[in-house]
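I've put the structures underneath this note.
Each of the next two complexes has subunit A plus one more chain, namely subunit B in the first and subunit C in the second.
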Partner chain A sequence: MNFKFQKKKITGILSILPENEISFEEEIDNYNFSKTQSMKLKLVMGYDKRRVVKEGTAASDLCIYGLNYLFDNGYLRKDEIDALVMVNQVPDHFMPATTHIIQGKLDLPQEMFCIDIPQACAGYPIGLQQAFMLLEQENIKKVVVLNAELLSLKTSPADRGSRPLTGDAAAITIVENDPNGKTIYSTADFDGRRADALIIPAGAGRMPSSAETAKLTTDSNGNTRSLDHMVMKGDGVFNFVLNEVPEMIERVLGLAGRSKEEVDYFMFHQPNRFVLKKLADKLEIPYDKMPYNIVELFGNSCSPTLAVNLTYNLSEELTRGKHLICLAGFGAGLSWSSMLMEMGNLDFCETIDYK
Partner chain B sequence: MENFEQSIAEILEVETVNLEDELNAYESWDSLTVLSVIAFCDQEYKVALTAEEINNSKTINGLLELILSKQNA
Partner chain C sequence: MKENILSFLAEIRPECDFENSMNFIEEGLLDSFDIVSLVTSLDEEFKISIEGTDIIPENFANLDSIERLLLKNGAKR
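Right, the complex of A and B next:
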């Protein structure tokens, strides 16, 4: 599905990283892999450090911390928020939605719109799309898009296919109308036929958590996990990314009538270094236009990781001047999304630690 | 296909390979190596292979036949 948005802009991005840092070496003994194999895994995939929450920290805590930072620094006022759009897969509770918890704890006005979208690694562009649509309403002038993910809570300590790459994070993106804004081109595609490529089998309506779903079993690759844990078909997801993402990027460029050379930065979701380099090779994009360093520094935090990529790597570029940026997310669903837009002169573009 | 054996040898971290060699007999054969084979086949031969198909192909010749059958499909 292709989208076009007129007269919209991003005015600020803040990433919030939990302070608890774990190194790949600390967990190496948990994996059914020799030291040599694990070091090769680290080198090829770009695993090193990752940030995860301490026990008891939930998605709303990271968001509230970030929002208070924006209030305290004069970047945002409580009374000007017309909508909270949250993208998240590991909420505080099944009921009520996490945006409502945030609205309540921060004592935000009742007259606002709150919605939670359960999307994963494709969720950053999808959250922006929903915010742009809300801005078509005359009562909505400013939308706060929240991306928060705590998938470290759902990975097995003995699953080298998901554990060493998973980090936690949150991000806040402010979206507003812009009378002078250039057309924004965007896409979102979905394939539920491949829903089992990335799935947490138990814990919700289909299979409530029980003693049975918590039992650990070991698969043919030597990875141990339970039905309560996230499971990824690594080869299936890899083929999905190599097949669908280049086509999507060509399509969104085609919609805008732009060439790859005109794009200043390709800011993609950060699954791991291996996949990102293969994508850059296939798309014939130079590595310096497509950062791939977020997994090794902070871990892959699902939908917030694209914001972390922007705030960590382009903080200066995006607060001064304007750049043509191509965003892309891809992951569980399966879903994949993109956005080609002019970005820049942001009021803030920062990465902070949650304390 | 002339560089096939050379490229597979590089992925398996050995000097040379024989077509009849069993894939899982190599010391370097693990899930990460399978991913490298998938990436190589996508890049060089424009075919998408699953980990299961690669493991089921047993030998280097079996892998070659798998790639050819996918290309002709």
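Right, the complex of A and C next:
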């Protein structure tokens, strides 16, 4: 599905990374790789460092920490937030929604729209789309989009397909109306027929967690996990990304009547180095216009990775001057989303540590 | 070309006998992680980028299929 938004802008982006850093070397014995495989995969996939929360930290903690940072530094006032939109798959609780917890703990105004969207790696553009739609309402002037994910809590320590790449993070993006804003082009597509390609089988209504679902089993690829853990069908997901994402990028460029050469940066979700380089090759995008370093530095944190990619790699560019940016997210659902927009002169574009 | 492929396979899985295998995938000589490693080595060696949608197990079943894959993606003998 294609979207067009008029007179909207992003005014600031903040990424929040847990302080706790784990290296691939520390965990290498968990993964049943030979030493040769490990060293090769470290280079090829980007297995290196990842940031994960300490036990007891929840998604709202990272968001509240970041919001307090914005309040304390004068980037945002409590009384000007009209809506909280949160994209998240590992909430604080099943009930109530995490945005409500954040609203309560920060003592934010009661007259505020709060909504949680259970989207995964395609969630950054999707959260922005929802925020832009809310800004069509007369009494909504400023929307705070929260992306927060703690998938480290849902990956098995012995799942070599996903664990070495999984990180935790949160991001806060402020979205407002802009009378001079150029048209923003966007897409979102979904295919629930492939829902089992990335799934946490147990723990919710279909299969509540039990002693049975917590039992560990080892699959034919040597990954040990339980039904309470995330399962990724690596081959299926890889082919999904390489088939759907290039078509999506061509489509969003076509909607805007722009060429790849006119785009300053292609800022994509960060699953692993191998997939991103293959995507860049297929799209014929130079690597310096499509960063792929986030997974090796911080891990793949699902929907927040795209924001981390922006704040870590383009902080200076996005606070000084404007650029044509193409965003793309893709993952569980299956879902894939994009956005082509002029972005820049941001009030803030920073990466901070959660302490 | 097959010599090069064999040397990369031996580097990735030194314990396996690729020359006497009928199907690297079915016989468990290569898993998806090995394929990713092999693709990266072959891309660098032949200065190509194997198309992502070609990275499917069938194309890595034996030396002939890997050679065909390389030629399809522009590798020179």
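Simple rule for what comes next: the second predicted complex is superposed on the first by the 355 of 355 C-alpha atoms of A that agree within 3 Å, B and C clash if a C-alpha of one lies under 4 Å from a C-alpha of the other, contacts with A are read in each partner's own complex, and residues count from 1 in each chain.
FYI, a contact is a pair of C-beta atoms (placed from the backbone, for glycine too) under 8 Å apart; a residue touches a chain by one contact, two chains touch by 3 or more.
What you see is a predicted model, and the numbers here were worked out from it, not measured in a lab.
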| item | value |
| --- | --- |
| Simultaneous placement of subunit C and subunit B on subunit A, clash or fit | clash |
| Which of subunit B and subunit C A:221 touches, first, second, both or neither | both |
| Subunit B versus subunit C as contact partner of A:236, first or second or both or neither | first |
| Partner chain(s) touched by A:41 [first = subunit B, second = subunit C, both, neither] | both |
| First, second, both or neither for A:279, with subunit B first and subunit C second | second |
| Partner chain in contact with A:107 - subunit B first, subunit C second, else both or neither | neither |
| Partner with the higher number of touched subunit A residues, subunit C or subunit B | C |
| Touching partner for A:261 - first (subunit B), second (subunit C), both, neither | neither |
| Touching partner for A:288 - first (subunit B), second (subunit C), both, neither | neither |
| Footprint overlap on subunit A, where subunit B in one structure and subunit C in the other make contact | 33, 37, 40-41, 44-45, 161, 221, 234-235, 238-239, 242-243, 274, 278, 281-282 |
| In the complex, subunit C residues that touch subunit A | 11-12, 14, 31-34, 36-37, 39-40, 49, 51-53, 55-57 |
| List of subunit B residues in touch with subunit A within their complex | 30-32, 34-36, 38-39, 42-43, 48-52 |
| In the complex, subunit A residues that touch subunit C | 33, 36-37, 40-41, 43-45, 160-161, 221-222, 234-235, 238-239, 241-243, 274-275, 277-279, 281-282 |
| Sites on subunit A touched by subunit B in the complex | 33, 37, 40-41, 44-45, 161, 221, 234-236, 238-239, 242-243, 274, 278, 281-282 |
